[in-house]
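Quick heads-up: structures coming right below.
Two complexes, one shared chain (chain A), two partners (chain B, chain C).
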Partner chain A sequence: MTEKFDIVTAGSAATDGVAPATQRNIPHRGGAANPSATALATRFPGSVLRTDVVWGETTVMVARADVLAIMQWLHDEPSERYDYLSDVTAVEYRDFDQPIEVVWHLRSLPFRRFLRVKTQLEKNKELEVASVWGIWKAADWMERECYDMFGIRFTGHPDLRRILMWEQYKEGYPLRKDFPLRGRFSRAEQLRQALSQNPEAKYSMEELSIADAFEDLPEEMRKRLGAGERTGE
Partner chain B sequence: MANRTVEVELSTSGLDAQGRPQRVPLMSGDGGAPIDVMPHEAMEPELAGDHMLINIGPQHPATHGVLRLVLELDGETVVRCIPHVGYLHCGFEKIGEYRQYNQIIPWTDREDYLNSIGNNVAFALGAERLFGIEITERCTVLRVIAAELSRVISHLVWLGTTCIDIGAFTPFLWAFQERENVYNLLEGWVGARLTTSATRVGGMAADIPSGWMDGLQQFIRNFPQTLDEIDRMLTKNAIWVGRTIGLGVMSPEEAINWGLSGPMLRASGVAYDVRKDFPYLDYETYDFDVPVGTNGDVYDRFLVRMEELRQSIRILQQAADRLPDGPVNVDDARVILPPKSKATSEMESMIHHFKQVMEGPRPPAGESYVAVESPKGEKGYYMVSDGTSKPVRWRIRPPSFINLAAIPKMVEGHLLSDVIAINASIDIVMGEIDR
Partner chain C sequence: MGLATRPETRSVSYEPQSQEGWVTTRLDFLVNWGRANSLWPMPFGTACCAIEFMATAASRFDLARFGMERMSFSPRQADVLICAGRVPFKLAPIIRRIWQQMPQPKWAISMGACASSGGMFDNYAVVQGIDTIIPVDVYVPGCPPRPEGLIYGIRMLQEKVMNERGSDSRLRDEMVPDPSSQLYIPPSAIDELSEPFGNSVHQNRSAP
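The block that comes next holds the complex of A and B.
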């Protein structure tokens, strides 16, 4: 059996041949913007609200309604090719009147570019934005986490449920600024709820739909589920 | 471009020369004709087509922490895998919003605890971009040493635990012995072994003590021999090859689309290494190679990590050779405390010290996303500042969390026992996944 195993002397994800270097003496504001920001503003004139360059990183603020179209274009356009989704997250500011921002960090491996795309969600409206799961599968768990922590609904995500907290978690969304550091309930109440959850003994309805799985459950659990207890996650 | 040829050396009964399990016909007691074994379907018809629900974890040694996998099995073949995480959720990102920048550094130890000093370096780099600080030459090289030592530790733990999962015990002992040497080095430098908290915004907690470089040189000399032994033990071992080859394959396009990073991505043939493509800490000036697999299976991930260990040693050697003299901390009164002797003898320095500790350094309003190549993949710290001494948002981009998200795809169609090997090949750390 012959298995090829290559060693490359340089990161060759990019094809442009320009040797990258550690950034030095980056200005706080200003500096050269990522060329994709200009291209994006030309292609979607009404949806790119503003472009900032902070610490050498280009941020494009886009209109919420056009997020999906913009992302699809960034991914598909041959001169951009943002094929790698680094991160999906959200930011809530301490100033209560400031809207929540959803942040996508994109990388174009062929062109060695980094772009931050943001959109704003008004707090008094429904926190909803289009899911990019259809473009990058990487968004799957990152969007679930963002939903879990901020309560932002990503429309079009196939399986948007809590991921780090359990489904019956009642205290809300932990990373929101109105969520106290110690949680909403007293320590005693939190402990009581946590102990009563026993999440590893539970299966979701999806899991229980697996043929005959219900019959395989322990007698005690079948009884609890039969009595109408909700399943975990 | 060097190609490697794998020829299995140790042949084992039950495996053919390629390491694939052989079907040995059952022989009857008198050494004559094979026993006529009826197929399973015929013997137990009621079992055919029945899917089984299997739960692994959260407390299971092969899940590398508190990971829970719910598997739907058809016989021994995995039809569907539903992972559950969150059992170790501590809310690091929430706590970070209530801490000053230097106070967050101990939290970075505790997320990916196998790469603690590497996380310290990554966080400090992110915070320094937010403050607009250029660190000193000596600090840059020291941080490269820290990050590469940390990569060695993490890969050794991965190697050892994966060996245990797949059934080899000896390389585990060898790997952990070498890991112990690195921990001794770290202990001599920063005083702690596991939770190092070694960096500060603008520098390091401590310079290396005298004689420390001798210890590092000794490690650089000795470690490749251990690595060669492990290499001889595993790389052409029929059992090892048979249990890793062809498992959990991700094509390059899939690997990019699923956001895999680190050895997981490179094993699939994508030469994306943050150190090369988006360099930091002057990595572009070091001479090192990026190993890239071709098949994207568990065996390629093993080869990539083994080669990365060798490349880390190369980088360590170059860093040790070039370590310049000079200050470790930047000369910037915004972030660095005055020397202790001055703080106890001069009024201005004491006030400075007091304000620095009580109020904390304040970066200008802004945001930064700094990614480094951690042993698990692209580790990013995204920080948003509103001009106060505590971040508005501190986000960890957890590579093992995003790598693990692909496990339902990778295990589909494989055997139950291969789930363990595939899960091990992702190199997860639950502290980082759940944060």
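The block that comes next holds the complex of A and C.
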């Protein structure tokens, strides 16, 4: 019988065989940096722009062009093994001239490390960054949410469409600073557009729960569904 | 407790000059009595109000005392839609479809501030009151309402049901949307969505 999953014990790959304990008495700034940050700066000189340590958490600012290579290296390198992507999100600052930052939260379970990787996207250019979906499948929905809320395009994502708002949503990207709190359209127009969405558009009848009862459906309905007819208005 | 006393509605008075005869009013009373005391709720719980709703249905407050012991999780066997919680725009077509799947007679309770008016969520994502989508009979205020509040709203709905008259032709009128509008769903689509329905294979939702 083949193992379906690799079982990783947290901290099992630490050098001295002892799992790193939770740090205590952490200074606000200038604590001990994650060793991965130093290794990253050695491996990719010029791509690592800045390293900050705040409350014991290390943030690495990297160049946008090298995001994918850095992530791949962090994932594959035997001395890093960042096998868990816990978040992909973005930050926009109130100062309009400041670029939008995309943030990845990485976790290395074997080494019990946490690393925050950031990159900056200039606002006056195309908001595009490489997708890490090929490395961590967990990036799928998080990148979709980031695209939905900020309009950042993740190149290489297999299915980049809105996830929280419906797909025909036309008002823009709600978490951007220039987005008005109540949206851009009138309430009546918002409701009209919301009601005209088809929530089942991406699913065929077979995929919905009716699939369980498919065999019990009338003959002609089964025939129509088998021919690919969609539900909805 | 500061609540206004309302007139007694469960007794039927017979006025000879009235157009409604004694038999029809007694029949109305019987039908309404049956309906009011066996309202089956369709819980549409999206937020914290649903927690209070669960508490209402649980043993301490015991909704079964008012004939609501059966939560109807299928809209096709439900009488009352209880919308408990905020409704985002993405859910708007879904709650509307649930309402359309419910057979007449049907009523709706909007539970809590968010369902009634959008509440504190005056933003781009939340419907400002479900009465912009479906007709609502009783609004229960509160954030969230206490179970007593919901029970009071249900009692008000029961009174409303008791006051219905079968001779009122406008009672079950549903708005017929203009086929050119986005609100329109053709009867064939409604029938397909709502079958099987009731005890008869010939019964469907789009029938007048």
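Assume the second predicted complex is superposed on the first by the 173 of 233 C-alpha atoms of A that agree within 3 Å, B and C clash if a C-alpha of one lies under 4 Å from a C-alpha of the other, contacts with A are read in each partner's own complex, and residues count from 1 in each chain.
What we mean here is this: contacts are C-beta pairs under 8 Å (C-beta built on N, C-alpha and C of every residue); 3 or more make two chains touch, one makes a residue touch a chain.
Everything numeric here is computed off the predicted structure, so don't read it as measured data.
In the superposed model, A:R192 lies in contact with chain C only, and not with chain B. Legend: residue contacts after superposition of the two complexes on their common chain; A:P174 is shown touching both chain B and chain C.
Applying the stated contact rule after C-alpha superposition, one finds that A:R112 touches chain B and leaves chain C untouched.
In the superposition on chain A, contact is made by A:L85 with chain B only, not with chain C.
Contact with neither chain B nor chain C is seen for A:E220 once the two complexes are overlaid on the shared chain.
Shared-chain residue A:R94: touches chain B; no touch with chain C.
When the two complexes are overlaid on their common chain A, residue A:R24 makes contact with chain B while staying clear of chain C.
Taking chain A as the reference, the larger set of touched residues comes from B, when chain B and chain C are compared. Legend: residue contacts after superposition of the two complexes on their common chain; A:W166 is shown touching both chain B and chain C. Once both structures are placed on chain A, chain A residues 164-166, 174, 179, 181, 199, 233 are touched by chain B and, in the other complex, by chain C. Taken in their complex, chain B has these residues touching chain A: 1-8, 18-19, 50-53, 55, 57-58, 68, 70, 72, 80, 82, 84-87, 89, 91, 93-95, 98, 129-130, 132, 134, 241, 245, 254, 256-259, 269-273, 275-284, 289-295, 299-300, 303, 307, 364, 366-369, 371, 378, 380, 382, 384, 386, 392-393, 395, 397, 401-402, 404-406, 434-435. In the complex of the two chains, the chain C residues touching chain A come out as 89-90, 92-94, 96, 122-125, 127-128, 132-133, 182-186, 189, 192-193. Interface residues of chain A facing chain C in the complex, by the touch rule stated above, are 164-166, 171, 174, 179-183, 187, 190-192, 194-199, 221, 231-233. Residue ranges of chain A in contact with chain B, taken from their complex: 1-14, 19-26, 28-29, 54-57, 59, 83-87, 89, 91-95, 103, 105, 109, 112, 114, 116, 136-142, 145, 149, 162-166, 174-175, 179, 181, 199-200, 203-204, 206-208, 210-213, 216, 233.
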